Amino acid sequence: MSKLDDVVKEVADEMRRMPERGEVATYIPELARVDPKAFGIAVIDAEGNVAVGGDADTPFSIQSISKVFTLTLALGKVGDRLWKRVGREPSGSPFNSIVQLENEKGIPRNPFINAGAIAVTDLILSGHLPREALGEILRFMQFLADDSTITIDQQVAASEQRTGFRNAALANYMKSFGHLDNPVDFTLGVYFHHCAIAMSCRQLAMAGRFLAQFGSNPSTGHAVVQPERARRINALMLTCGHYDGSGEFAYRVGLPGKSGVGGGILAVAPGKASIAVWSPGLDTTGNSRLGQIALEHLTHRMGWSIFGA
Amino acid sequence: MSKLDDVVKEVADEMRRMPERGEVATYIPELARVDPKAFGIAVIDAEGNVAVGGDADTPFSIQSISKVFTLTLALGKVGDRLWKRVGREPSGSPFNSIVQLENEKGIPRNPFINAGAIAVTDLILSGHLPREALGEILRFMQFLADDSTITIDQQVAASEQRTGFRNAALANYMKSFGHLDNPVDFTLGVYFHHCAIAMSCRQLAMAGRFLAQFGSNPSTGHAVVQPERARRINALMLTCGHYDGSGEFAYRVGLPGKSGVGGGILAVAPGKASIAVWSPGLDTTGNSRLGQIALEHLTHRMGWSIFGA
Amino acid sequence: MSKLDDVVKEVADEMRRMPERGEVATYIPELARVDPKAFGIAVIDAEGNVAVGGDADTPFSIQSISKVFTLTLALGKVGDRLWKRVGREPSGSPFNSIVQLENEKGIPRNPFINAGAIAVTDLILSGHLPREALGEILRFMQFLADDSTITIDQQVAASEQRTGFRNAALANYMKSFGHLDNPVDFTLGVYFHHCAIAMSCRQLAMAGRFLAQFGSNPSTGHAVVQPERARRINALMLTCGHYDGSGEFAYRVGLPGKSGVGGGILAVAPGKASIAVWSPGLDTTGNSRLGQIALEHLTHRMGWSIFGA
Amino acid sequence: MSKLDDVVKEVADEMRRMPERGEVATYIPELARVDPKAFGIAVIDAEGNVAVGGDADTPFSIQSISKVFTLTLALGKVGDRLWKRVGREPSGSPFNSIVQLENEKGIPRNPFINAGAIAVTDLILSGHLPREALGEILRFMQFLADDSTITIDQQVAASEQRTGFRNAALANYMKSFGHLDNPVDFTLGVYFHHCAIAMSCRQLAMAGRFLAQFGSNPSTGHAVVQPERARRINALMLTCGHYDGSGEFAYRVGLPGKSGVGGGILAVAPGKASIAVWSPGLDTTGNSRLGQIALEHLTHRMGWSIFGA
């Protein structure tokens, strides 16, 4: 067994024994039904070795982690024009804050807060029908993960659509500044559905591999983006990937990462590994409590921090 | 000549020809007298090789770059207790904003905005007389840079003390919450003086070397901090080192760094190099315009980005 | 001719000659078509004498002035329970600001900013169908003005419904806190339609008469509310009736009043007169430029300021 | 005995029996020593009749009530130029908020929040020595109240000067925008001292009489300001006189008024009466709890509300 296998096993064991797991998100009713004891981890190193632990093959709702992939897709479609609609700075605010939008005239701070991701979704939609755009996003995820079984959890999507008033507020607010091109309902529909994509840690680690490997996935041979773009997406994940817990994640874990309220986190050790963890209990900033601890332990033991081994 | 020598020379040449240099800071009258055409760069790699270009030996006012060193010193004195007085999140606000302080009851977001650095200075002062604390800070800088000629520019310090009303507002505001232990004038006096330390790029790159080399300076043999602490200071520089331009710096340069309104930037390529650049013209977020471009070129050509070469 | 007749005639003449009329609201396309030169005034004194000037019989879109009447209606239906959903303080913010809503967890500052009026509309709707609630509001306006010809301008309502994204943001935002009982579309539909009621200055002065006459309209003999409630609605108009121009209106005019972006203002001189003015050009706070000046002149000459004749 | 005498006696009796009195201000240590059971009231009607109840002759610290008089004095000295330094809108924020100052570039919203009153004090000081300016303010108070025994409580002033860090923050903040002409310490010194003026209800009601009587005090025969200016100061008191409790005071009491954290309130019934009440216990907005209730009862029974009897 390799060192990576050992460390992943250790971390999964430690997480199983953790008494305090945070609170499962309840703002989307469907998410509240998940088993709070679940924990999964999957790591793919530079050579393509896969190490897994816990519930690594259980699909979960990736939620905001989808924002990394929709950003990648949108940059491919519209290029740097995207940055006219969205900024690149940490927001210093919760994921669903609308204050910043008012202060900055409808331009979201970055693509990883809700408002920013809705603006990015609007750019992908760009005149198409919602189901066409959604099909494109889903196929992109299947392509990245090399797995055509990935689907959208329609119950989660429907649940979010029924209760997503805060996101509707954000979208209508941007629309009032003329910063959404499509009907608000279309953009929100696509947004709610891509957040409801269900994936396992194993699938997610595979899908994120191009970010760890300079834009290409060596397992599939797919070139996804130029190395420079992968690098820049990693930089955005580092500064903005965990809402108002981004500084803390950088401080403790030291890797670019993106969390979702479903409890998943995708993390990237550039040149070294693509990592997915999942545990549904969240801390007060909306990030997976055990997920962050697991990544802190893993990074520490593997010497993978980008800030100095 | 090594690749590093070549690249540093190239970058210095390019910067000499740049037509647009930004605006020299005028809010401290003394700073406004600096030659806007100045540009310096110094890089020290893992082996201790030093490459310099331009005005690498001209001392300039390090201003907010001093915050990295006062944070290091304060952590050595009070440990993690420091984090009760200061947060670790990017602020999403300009360097001298007071809004965030009101919203968060007098606790600054991070140690690299003015309010946070004043709080850190107060912890260093901690019952001593201002000149004692200032002596300690100056000796620490001389020790790190292995150069006892480093001094404080008293004219800059006096100029700032006469006009630093915004910083006085921040300090009094924190004091009103009981979050400064010393008299406001004492804390501000030390703060204004350590910001007025004058150093050249060469001295600054040497002083920052412990951050690039896991806590120790191989040239001097001095162990400054534990590797973990160096890593964490680097993480803070990455997320918070350039005020509300921190996301942009991470996106374009991809290195931990700390800027000052004197036009200097200290950047760290963990395991690879300590870098100091200086050019007095600033962009709208208060960061050196040419300094950032020089670092972007250098990092790109050397493949030093922490987000993937 | 009475003094009132003389003064009203004078004021109408002066307004006709005013060169600078402000900007007609364009955010609702239908409103932008109004003649910017229009000016009307109607005053009904305590004895029931009516003095009119200019375009006093031209109907205009009353817009936010409707908020005074929906507040009156809602207080009649739900009483002081209303104040659990809406505050009573000036907001210090523009009419459509959402920042205050986030800071105060979805409770609007007062019933005269958009968010507050939407919340009040939701209380009137309260389980009924939109057209039932709207019928009730319209009949209440006809009853107050003693004029069954008052109608809703369907083109303005449709125009607002197509473009009212900012109000949709406010409504969805409150809904996300559970502070709207009805479907967002229902509440907004009623809100947009009651803002689109068209009335002349003469009709409006009559409708507002109960506020000037201690709760009853002596012309019709209708008791509308208790004297105490009329007094309190007047107090709210004084402190909150002109958004972030409320202080200025109190300072210059010295009467309770409520403006609308259609250019109308209803003002109340308690015990003395009900006054309606209309001129479509607005100042930067969204209040009728000539309307305010006309009221300042009128109040001054009649000695009607509530702050000392 | 007149009706006024009866009502004042009734109100004083009711207040003596009130079980819940709010919290005495502790932020200035000296203020915390006051007897929480104290209650005083003094009313002077249009004919000059004086009705008193409770501790009407006990001096208390007038604190922010002084802002009405410094505004009057400053308007006399610099006229409408004052409004370049201070706005006229309710702030929607607590008395010591600094957020609004940052959003509006160092211009306080109105002269009755702390920042605004400091700016007004700076205009009075205007090149003079602090003790000269303070002498002028004190003599103005003595002149208005026709009582040369009024003094400054030096212990309160000293106490505030030692602990007034929040006010020092506000003053330094405005100074950083160049909006204070004098040294910060000079302006703050005068401000702290005029807030520490001690007066009884009887003295205060006399001093405020010019506001109720169209600019002149009939008892002394002194013309203080033009009628229009008295009217406008009354308007400012109505919209801004009780910080973020101003709307509530207008709603419940219906008179222009100004409160202080010492527990006093000066209220004005234009043309009818000047009223001073005092009870040290405060509500959460920093306004005298019993003082407000007493004014509500008095106004109701006398039919003095400016919004309709």
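A few comments on the model shown:
Order as written gives the chain letters A, B, C and D; numbering starts at 1 within each chain.
Note that in this section contacts are C-beta pairs under 8 Å (C-beta built on N, C-alpha and C of every residue); 3 or more make two chains touch, one makes a residue touch a chain.
Note that this is a predicted model, so its numbers are computed, not measured.
For the pair chain C and chain D, there is no chain touching both partners.
With chains reduced to the mean position of their C-alpha atoms, the one farthest from chain B is C. Put simply, the C-alpha centre of chain A and that of chain C have 47 angstrom between them.
Separating the CA-averaged centres of chain A and chain D is a span of 55 Å.
Note on chain placement: the centre of chain A and the centre of chain B lie 32 Å apart, centres being C-alpha means. Shown for chain B are the residues in touch with two or more other chains, of which there are none. Checking each pair of chains for touch leaves A-B, A-C, B-D, C-D. Against chain A, in their complex, chain C makes its touches with residues 97-99, 101-103, 165-166, 168-173, 175-176, 184. Against chain D, in their complex, chain C makes its touches with residues 87-93, 100, 109-110, 211-212, 214, 227, 230-232, 234-236, 238-240, 244-248, 250-251, 254, 256, 270-271, 305-309.
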